[in-house]
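Chain nomenclature is as follows: A, B, C and D, assigned in order of appearance, with residue numbering initiated at 1 for each chain independently.
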Amino acid sequence: MSLFEVRVQAGPFEIGAEQARLSALTPEVGAVVSFTGQVRDAPLLLEHYPGMAEREMEALLADARARWPLIGAIIVHRHGPLAVGEPIVLVLTASSHRRAAFEACEFLMDWLKTRAPFWKKDALGWVDARDSDEQAAARWD
Amino acid sequence: MSLFEVRVQAGPFEIGAEQARLSALTPEVGAVVSFTGQVRDAPLLLEHYPGMAEREMEALLADARARWPLIGAIIVHRHGPLAVGEPIVLVLTASSHRRAAFEACEFLMDWLKTRAPFWKKDALGWVDARDSDEQAAARWD
Amino acid sequence: MSVRLVYFAWVRERIGLSGEEYPLTQSLPAGELAAKLRALSAGHAEALTDLSRLRLALNQQQVGWDALVSPGDELALFPPVTGG
Amino acid sequence: MSVRLVYFAWVRERIGLSGEEYPLTQSLPAGELAAKLRALSAGHAEALTDLSRLRLALNQQQVGWDALVSPGDELALFPPVTGG
């Protein structure tokens, strides 16, 4: 059994519940890696492109599966108003071995940052895209 | 505020509860990365060296803090009999930026595998150390 | 015959619309279409002056300014993404 | 005057003890001490024949076979670790 899933939602997520779904998939799961991004410093509003957001995230999962032997992966990205400390995004990867789980998780985050149609706005206005994110994603080319 | 903690315990752990402790540390936390290792294929017995195990894990955290700007990190390692699918080890890292959190988490896992005094035994006997783990740890030298 | 335009983030705010239909009877490159849109309003002109600051998606797939837009398509214009 | 010896994993199983006190009146290198321990029993001899398969910790710090063991120290002998 395997599980690959993407979701865009306004509400929060529970890392424990999401991770449990991957841990229980098969006796071959030996490593689960997670990344949680959370709102730092100031509140944010997250706008997204419904439909395309899910589509890009699905495409990223397909790309990761082609590169690493994953047993499962989940991406949850929130939209709407978010307070400081609130989680924005969760990426979970499960594999037999830790290297694959680590690399796939980092790959998915780097590409989410540069491909998935989400835009952050804070009190100063729309947040500018960063060159460092482009460079991080380019590592995987 | 910061939080750096190591624990060796027989019972299970809750990733959600541990992660919540790091997420709430300061408004500067932007990224939390976790690694969970779980028993694959066959039940295990985990023996450890009480005292030295905690000491080595503390030393690894100190080393990670010297290399990356971490706000917090938690390592929990279990001992005793463990069934297939049960979690063995949890490493959590929190930082302002994702690269530091990812790298520190992977570093801690690679070094735990080669430094922390734990030994796995399965139905076939004591598990042999793997060259691939030594090589993974050597990447950080 | 038209193309469905959708706008996000500051492109949406400057234009003052989240989307609109624009008459289109034959295919043309997205860059040429964007140039025509500048005539619609001061907001359109401001948002679409410097195309190098924008990204686009045709039918929800990221493309370049030379992509051919045809009647019935959905064309999205937005700044570089900043999620995650 | 003695050294506290502790054993783990298959070293412990072959020796048949998780630890023991061994008389020691002056410092000597861990490798020399291990060679002396081989005389204690068939199990000790078997466990400690090939020191290249073992690791050691002196007072809970990983060290090499040339580390000097002194009376009152705790010396642990074990296979390469396999946790995590």
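Definition applied: contacts are C-beta pairs under 8 Å (C-beta built on N, C-alpha and C of every residue); 3 or more make two chains touch, one makes a residue touch a chain.
Remember, predicted model here, so these are calculated numbers, not experimental data.
Engineer: List every chain that touches both subunit A and subunit D.
Structural biologist: Shared contacts of subunit A and subunit D: B.
Engineer: Based on which chains touch which, give the shortest step count from subunit B to subunit C.
Structural biologist: The least step count works out to 2.
Engineer: Which chain's centre, taken as the mean of its Cα atoms, is farthest from the centre of subunit B?
Structural biologist: Chain C.
Engineer: Between subunit C and subunit D, what distance separates the C-alpha centroids? Give it in angstrom.
Structural biologist: Here the centre of subunit D sits 73 Å away from the centre of subunit C.
Engineer: Report the inter-centroid distance (CA atoms only) between subunit A and subunit C in whole Å.
Structural biologist: So the centroids are 27 Å from each other.
Engineer: For subunit A versus subunit B, what separation do you get between their C-alpha means, in angstrom?
Structural biologist: Their C-alpha centroids are separated by 22 Å.
Engineer: Touching two or more other chains, which residues of subunit D qualify?
Structural biologist: Within subunit D, no residue touches at least two other chains.
Engineer: By the touch rule stated above, which residues of subunit B touch at least two different other chains?
Structural biologist: If we look for residues of subunit B contacting two or more partner chains, we find 37, 109.
Engineer: What are all the chain pairs that meet the touch criterion?
Structural biologist: Applying the touch rule to all chain pairs gives A-B, A-C, B-D.
Engineer: Taking the touch rule as given, give the residues of subunit A at its contact with subunit C in the complex, in rising order.
Structural biologist: 37, 46-49, 51-52, 55-56, 77, 88-89, 109, 112-121, 125-130
Engineer: For subunit B, which residues are in contact with subunit A within the complex?
Structural biologist: Interface residues on the subunit B side: 14-17, 19, 23-24, 27-41, 84-85, 87, 96, 98-99, 101-102, 105-106, 109, 136.
Engineer: Sort out for me which residues of subunit C touch subunit A in the complex.
Structural biologist: For subunit C paired with subunit A, touching residues are 6, 8-10, 12, 57, 60-62, 76, 78-84.
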